[in-house]
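Okay, so chain A shows up in both of these, paired with chain B first and chain C after.
And then the complex of A and B:
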């Protein structure tokens, strides 16, 4: 099974609240100097799912990232964890992409990856069997890019996914989370799955993997290197364009400071808290 | 603002329950009416959902598209998508609203990419400013707020709305509903089954109100200290008639099941009251509860970050605070 995993580099969500700053003019987060950006959490879960499928069923895992030069760090980590190869899409025209632009660029990159594998794999005409990504990125929290890639490549897609198993060649048994539990769904390959954290903890890269990854050659593609999908009559599909504009990015001012409810004893404070909540109509 | 189309959701059906709209449907109608006035239409898919069309009309939908078909009993995007597409084709809306629910968020993204329009997910505010729709949502786990507009004037825009972030629509009286039945072609059903076929639907529901719908949530963190003391959190939740939540540290430790996790990798909740017990207030947890109207923090550490988000706080050992708090609440509610 040949799997492509889409991985985004994001600001570390563990940035202490006091250090999280927004540049309202640039409409961007100011990266704190001491905290390096990281692999998006859900994408790490997607990579873990891909590596487990490879361990059980063979095949290859290709890590793909769209982003500035620093995104090579998350690709190196993916290689260190066990991915066979990595591709980096880097072009200033794609920076700060919205979901449409990111999905369009990644769909084209995946189409190219499929072509370079000689359209091999179980699904010959595609050159890949499965695309995995995280259910959403922790910076924009949009959850659209994976489903967009599937739309452009005309693949079945499911999100969010907590479990993946191969039932037979060409079909998967997938558990998709719902509001009340989950659905068990039989999915035809090739397909795209947006993975959630329930799938299991991502592994730590072994030292040997880290050493090897530091020497790895990672190809870099610009927008000009991304071919249109070549299926639609309208030529340049999908268009590398934006649908949304970020008009404003800001931090909400905290409301008045916390009112500390006190009492002669902790139990007394508990009773006073109940009275205060009643007084303001919360309970 | 032209026509606003609301993609309504019905409550999942189980043995015995009556057909009903999901709470998000009323919130979608509420938001749509504030933007679209009377020019609001709705679409609903499922099985045995036709009786709910009148309910949508009574809450402000001038026209209701209904696809009522046994083939739509289980949600899968492949069968629900063509239904919404038919409604869009017929109603020609300028804005389509869905819920930021498990199904709504998947359907919305699939639809937006198919139709070639912009989509902002998880909106907490929609406003029209000088003729332009501004869609506001929390980003970076709630640490920042982003306002999006369409890159270029577009015929169609889409948004999903965070549950409980918008006032639900009230009744508008007994308006005669214009109901349009929609069909799911057999070929679509057959193709959908070949691509994604639901084999089984598993419910995992805890007792008490569901975490995501609860008006009151009592959540415990690492500071609860042990599985043996977890019952104190549950008892306060019971006294308040609320749901129990937990931080990731708690679910990782096995004191509470993973389904109760609130935060970046768990549920996002927006209750009226969120009581945080022994929770330090890490960004990842705050991401899941920042939308609560009132946060109350009970923690021994006066410097815990949670107090920066709380409206009321008690700095003390929760083991002594909680039982007294629960008893006093019972007394007050008994009045």
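And then the complex of A and C:
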């Protein structure tokens, strides 16, 4: 089974929120300096799912990322974890992409990967059998791009997924999370699954993998390298253009004050505290 | 000696019989020793031990730890018992050697030995003392039954052999005296006292009794010799060797591995097999006397965890002896025709191997191989049948959780009378798990991830590492030149980020300012020293972090460093020199003690009426690792109104670990009971009003324990810097 995993580079989610700054003019979130971006958590789970499928059923895993040059670090980590190859899509016209543009660029890239893999997938036509991505990215939390890719490539999509299992050639049994439990759904390949963390902890890359990955050559594609999806009626589908525009980004101001309520005895203090709380209208 | 005067059964000269017996026993001994030597040589070469280096220090070790039995005597009962046996043997061996020479060469007699009054009297005295020690040993094994001992047949066999030796020695001499008394016999005063017991026997029977006794004695000596290489009593030979070959490098320095070179060359990255340990590690395992002192001292064993340092050594030995021969065969098949191979490749060794081959074959026929300890029989024999399946050393023979339980507290190493070094083996096997197998728990993964991403174990941003110092007027190196400061304060991750420990950091900085010490910090340019990464087995990550720090420190020209964290202190002092970082490193306890001594810090009388009693918990990485027992106590003793009361039994070198070392601070403690609770209970034994210590991780662990036991408010845990700061502030405010 040939799997393509879409991986996003995000600011380290472990950084305390207070450390971020907001640039209201540029409408951008500025992470603190000296903290390297990391692989989006759910995408790491998606990669783990892909690697487990490969270990059980063979095939290849291709990691794909859209982003500035630093995204290559994330791709190297994917290679270190066990991906067979990586593709990096980087073009200034794609920076600050909205969900539509990101999905469009990634769909085109996947289309190209399918054509290039040389080995056709089980379905013959596509060159890939499965596309995995995380259910959402920790910076935007939109959860749109995966579904967008599926739409552009006319694939069935399921999200959020907690388990994947091959039941027969060309069919997967998938557990899709719901509010109170999960659904069991069979899906015919090729398909796109947006994976949740329940699928299993991503592995730590073996040291030998890290060393090999640090020397790996990763191809870089610009917008011009991404072929249109070959629909006859529209030569440039899907268009690489933004559809959404952010209007305002600002940091909410929160104010906190601290006040000590005292009393002669604990009981007095309690009474004084109750008075004060009533005063300010909390109780 | 009467025996040698008459031929045995009137036909064979006894000297020939004895010669035959000596050759057989000597052959068995030599074959056994040769085999063990070759097994030991399966190990890699070692950089930390050199037989030639520092002979004076080594000789001193021999004097104290072998001849004077210093480490054994640390435990009075077992120590006295053993010292008597050991000294007894040392003295008696002179006489035994004479007996053998006289037996082999009829007419041989050195009156300086056989008629030496002092020697005769000492031999008799020590033989009696050995018998006393043997009854102590029996009492211990049968009645007192301390838990730390291993109760197997091997132990009783040797006790029995020694008992037979002593009994027959008395019997032989006393019958000889009864038969034909000599003037010098009065020095053999105990035998002489026994001799009247035989007066009733007619001379023929007396002579027979004498002969039987003599032969029993002599053959028992030989049996003992032949038995040694197959028993833990091999320590008679290996213990002095191991003491001589002890690691004289810094205690806190784990063996360096060039990970990148190993990766390039496709070499193993840790010890997953006995061939990846050093020969000294293997000698250690062959030396272990199974005394269990290590286990009794081990915090993991004491809290019911699977790790026992004793088991570790005996498991390693058992594996070596059982599966080593197959590894040797592999190595030999591989090296045939290739004289450059180190293993058995050297010409002299190859020749010796051929010579010994014959003896070995004979020995194998006489006695099919048996493992040292009881256990399932080895699969198949040494023949051509399908080779036995070799279990993995790491993971199967020594379980993973055993390796992860260790806090690297060094209590085992400190307790071991034969100077076995457990910690580097454990870390080397962790390296195998981490770097070779990528096998470790999610908590270790988080630790590694965080250290990689942010240079600290909790993933705080690097940029905020100096934020604790905001507004305190502490210069960052770079803002001031290194020439304008007396020293650099190494804050450490806990000091920089941990809210609780920041109080210590600030208190210490205040004290330095107060005493007029000019210092600077590195701020955001400081990174985790890598102690936890290294002890968790991630040598590569350690080296990455350490190199960053060494680069920064060297670029700034730093010469003198003070650290509040015991782990940072150890790594900076003992481990960075190997990576190109040579600094004068001191622990804050040393500096504070000095400042108090010089009168630059003047603590006032305690503000609390009646004063307070504190006890002191010794952090492993400054205590057992660096012998800094007194400086922190000096600081506490300088606080008027504070009474220092030691934790009963478990203080100084015998302090129990808090449970945090060896990267355990970053892992859940899921097996057994909690080490920090045990330590808190020990501390409560001093009935203190508070616990003082001098390491951030000790504070965290002990405070956690106090919280869990509802003693957080009644048993405060404080760094010595916090206490000194409180006392100095009090002087100020007056």
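Side notes on the structure shown:
In the analysis below, the second predicted complex is superposed on the first by the 252 of 283 C-alpha atoms of A that agree within 3 Å, B and C clash if a C-alpha of one lies under 4 Å from a C-alpha of the other, contacts with A are read in each partner's own complex, and residues count from 1 in each chain.
Just so it is clear, contacts are C-beta pairs under 8 Å (C-beta built on N, C-alpha and C of every residue); 3 or more make two chains touch, one makes a residue touch a chain.
The structure displayed is predicted, hence computed values, not measured ones.
Of the two partner chains placed by superposition, chain B and chain C are both touched by A:15.
When both complexes are overlaid on chain A, the residue A:247 reaches chain B alone and has no touch with chain C. In the superposed pair of complexes, A:177 makes contact with chain B only, with no contact to chain C.
Shared-chain residue A:216: touches no atom of chain B or chain C.
By the touch criterion defined above, A:265 lies against chain B but remains apart from chain C after alignment on the C-alpha atoms of chain A. Within the superposed three-chain model, A:166 lies out of touch with both chain B and chain C [touch as defined at top].
Which of chain B and chain C touches more residues of chain A: that partner is B.
Of the two partner chains placed around the shared chain by superposition, chain C is the only one that A:207 touches, whereas chain B remains out of contact. In the superposition on chain A, the residues of chain A contacted by chain B and by chain C overlap at 14-16. Listed in rising order, the residues of chain B touching chain A in the complex are 12, 74-78, 101-103, 105-106, 109-110, 112-114, 116-122, 134, 137-141, 143-151, 154, 194-205, 210, 212, 216, 240, 258, 264-265, 272-273, 282-284, 286-287, 294, 296-298, 305, 307-317, 320-325, 327-329, 332-333.
The touching residues of chain A, when paired with chain B in their complex, are 11, 13-17, 20, 22, 29, 41-42, 98-100, 103, 138-144, 147-148, 150-152, 156-160, 173, 177-188, 191, 196-198, 241-252, 254-255, 258-262, 265-271, 273-278, 280, 282-283.
Residues of chain C that touch chain A in their complex: 259-260, 263, 269, 434-436, 438, 440, 442, 445, 448-450, 453-454, 459-464, 524, 540.
The residues of chain A lying in touch with chain C in their complex are 12, 14-16, 19, 32-36, 38, 201, 203-208, 211.
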